[in-house]
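What follows is a set of notes on a single structure, which appears directly below.
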Amino acid sequence: MKKSRLEAFSDGVLAIIITIMVLELRVPHQATLAALWPLWPTILSYILSFIFIGIYWNNHHHLWQVVERLNGAVLWANLHLLFWLSLVPFVTAWMGENHFASAPVALYGVVLLGSGCAYYILVRALLASHARDSLLARALGNDIKGRVSIWIYLLAIAVAFAWPWLAGLLYCTVAVIWLVPDRRIERVLAPSAQ
Amino acid sequence: MKKSRLEAFSDGVLAIIITIMVLELRVPHQATLAALWPLWPTILSYILSFIFIGIYWNNHHHLWQVVERLNGAVLWANLHLLFWLSLVPFVTAWMGENHFASAPVALYGVVLLGSGCAYYILVRALLASHARDSLLARALGNDIKGRVSIWIYLLAIAVAFAWPWLAGLLYCTVAVIWLVPDRRIERVLAPSAQ
Amino acid sequence: MKKSRLEAFSDGVLAIIITIMVLELRVPHQATLAALWPLWPTILSYILSFIFIGIYWNNHHHLWQVVERLNGAVLWANLHLLFWLSLVPFVTAWMGENHFASAPVALYGVVLLGSGCAYYILVRALLASHARDSLLARALGNDIKGRVSIWIYLLAIAVAFAWPWLAGLLYCTVAVIWLVPDRRIERVLAPSAQ
Amino acid sequence: MKKSRLEAFSDGVLAIIITIMVLELRVPHQATLAALWPLWPTILSYILSFIFIGIYWNNHHHLWQVVERLNGAVLWANLHLLFWLSLVPFVTAWMGENHFASAPVALYGVVLLGSGCAYYILVRALLASHARDSLLARALGNDIKGRVSIWIYLLAIAVAFAWPWLAGLLYCTVAVIWLVPDRRIERVLAPSAQ
């Protein structure tokens, strides 16, 4: 029961984050298709962030299926993750309004990096309270995707000041890596599926 | 359990979308009934969008009752649907503020068309992972309403530039078609109801 | 299961409505307590609306405990209720910003009246699909509170143009009437409590 | 079942409160890192409020695990708590925008004090409907943390007009006190854990 309420709260926060971003799509004053054109960077950064929040929701969803127990540290590790994700609408808007300029693109990477680290901490906190041979421990394995993502974020932040578009491409690369759902957990669950 | 969390997240996003639109009803500065008059196009487009989101919630609700399993593709097909629906508040506001001018009315149709296609893709993704004789497959049948809606949207987008009001009427027609709840699913569930 | 999802969606919409109103409490530019003073009508109308949404949530909560089945008509009667309630933040802000002037106070009553009628319709739609001796039918009785509220709203709208403060008092009267939770349902459930 | 719906509604409101605050982080117009600098007080007050809402969610979560029954008084005591917490985004924004000036810092304390008292009232309302030897009564004990917090809030409000930074430090002290999760409840539940 404990678990279900944490999931409900996280779902609520993620649902609000993903929807609130659309408020930054300011309605143009003119009623022409041409007036939509200046919105393209805002729409592009909205789509990118929508995908990232979707990835986190997907992974969170998969992760909690194999969680067996939780404690205070896990509750706070989860809130810490939600904190970083709650900053996504802010950096999305700043990046979109400034046409992917260097500083906003770098800050976007910092927020993604913070979220990635927070997810890593959450997984560690969960592993600490689960047995070595638990479903969770077997499902997570060595978490190669998580490690690679963090290195790509660091690289993207570094190159953002010289070539912001390259940083944007790197973020898209991470998104593509994660769009493949977490087969590890699906594999472990498969015999006892649903 | 997987299913219930996807439903909860979708409910959250739909609840926010339907409620956020009311923020576009800007409070008039004067305290007279006359000051409300200029709001009628905004209110009208709010009502239309409220009904459309309500229809999607209703159909989503009916659809998931007969879903037996889900996978990564379904999760993303669902997020894709939510993405299109999240654009509804934006086009609703643009259409209302511009008194149903051609371009906003056409864009409104594009978003409805995108949502309709996304719903179609979601249904396909679900059918792909269910048996031919599953409750889901029997319940959905040939999906005539879904096909007709998409053709009406295409027609509405085409005529919007000449007669935006006709496009508006076509959107209302689609709403009326769908307001009748999805009897197909209710019929299949009837013997084992509730 | 059907029922639980309708409750979850309604809870989501009501939670957003009740929280979104606080966005109308605009932060004063000066950092003095005196700068808070002009906010009193906004805060007062916020408190009133918070109580009304709370009453609807409470009654909705009690009502659905005795609901045994639902159909398409009930789903739409529920959405119709949520539609009227979604207008509450708008009229709350208009009434607060204009210091309880006549027109906003009357419109506030119109939205409360619409919500009251929508609740009445929802109850009728539920009764139509339940047996005469169902828990629901026995619990609702003659619904004297609902009828009285509607007459008070009508009276308040009528007097709002002459004495808006009297209308405000009438709204408070309705709130007080309802603050006593719906004993009818609690009484019926008592033997089989929880 | 009653209980689960109250939890869902509270989760919804808390999720919205915690996420809505980020809307006060206004996007700077310039695309330089220097343009972020003036945001530090807003970010700092956002972090503080995020932690406070997180603490309330955690305690609410722990509290309701040992609740066995609820009545109308409890429903309203819970709504009363949500009312005070719904004011947090307002005072957070006012405090952040005014760089922790005296009046906003004092008002922030008033809202925390109101929330603390509302939580205390909720606990009393729950104890009134539970047996003396119930899990709830044993879990709550003498509630030393709750009492200490209220005294610290009173002290902070008093000193805010002379030394607002000291008041800020006192709020952080309360946060640290509560960050340790409510062991009392975890201890009582431990034998029958999960």
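Which chain is which? They are A, B, C and D, in the order written, and residues in each are numbered from 1.
As a working rule, a contact is a pair of C-beta atoms (placed from the backbone, for glycine too) under 8 Å apart; a residue touches a chain by one contact, two chains touch by 3 or more.
None of the values given here were measured: they were computed from a predicted structure.
Because chain A and chain B carry the same sequence, their contact can be compared by residue number, and under half of the numbers here are used by both.
Using mean Cα coordinates as chain centres, the one most removed from chain B is D. Annotation: 37 Å between the Cα-based centres of chain B and chain D. Averaging C-alpha coordinates per chain places the centre of chain B 26 Å away from that of chain C. Across the assembly, chain B contributes residues 8, 12, 15-16, 20, 23 that each touch 2 or more other chains. For chain B in complex with chain A, the touching residues are 1-2, 5-6, 8-9, 12-13, 15-17, 20, 23-24, 68-69, 71-72, 75-76, 79, 82-83, 86-87, 89-90, 93-94, 97-98, 101-104, 106-107. Chain contact summary for the complex, chain C toward chain D: residues 7-8, 11-12, 14-16, 18-20, 22-23, 25, 27-28, 31-33, 35-36, 47, 50, 54, 57-58, 61, 64-65, 179-181, 186, 193-194.
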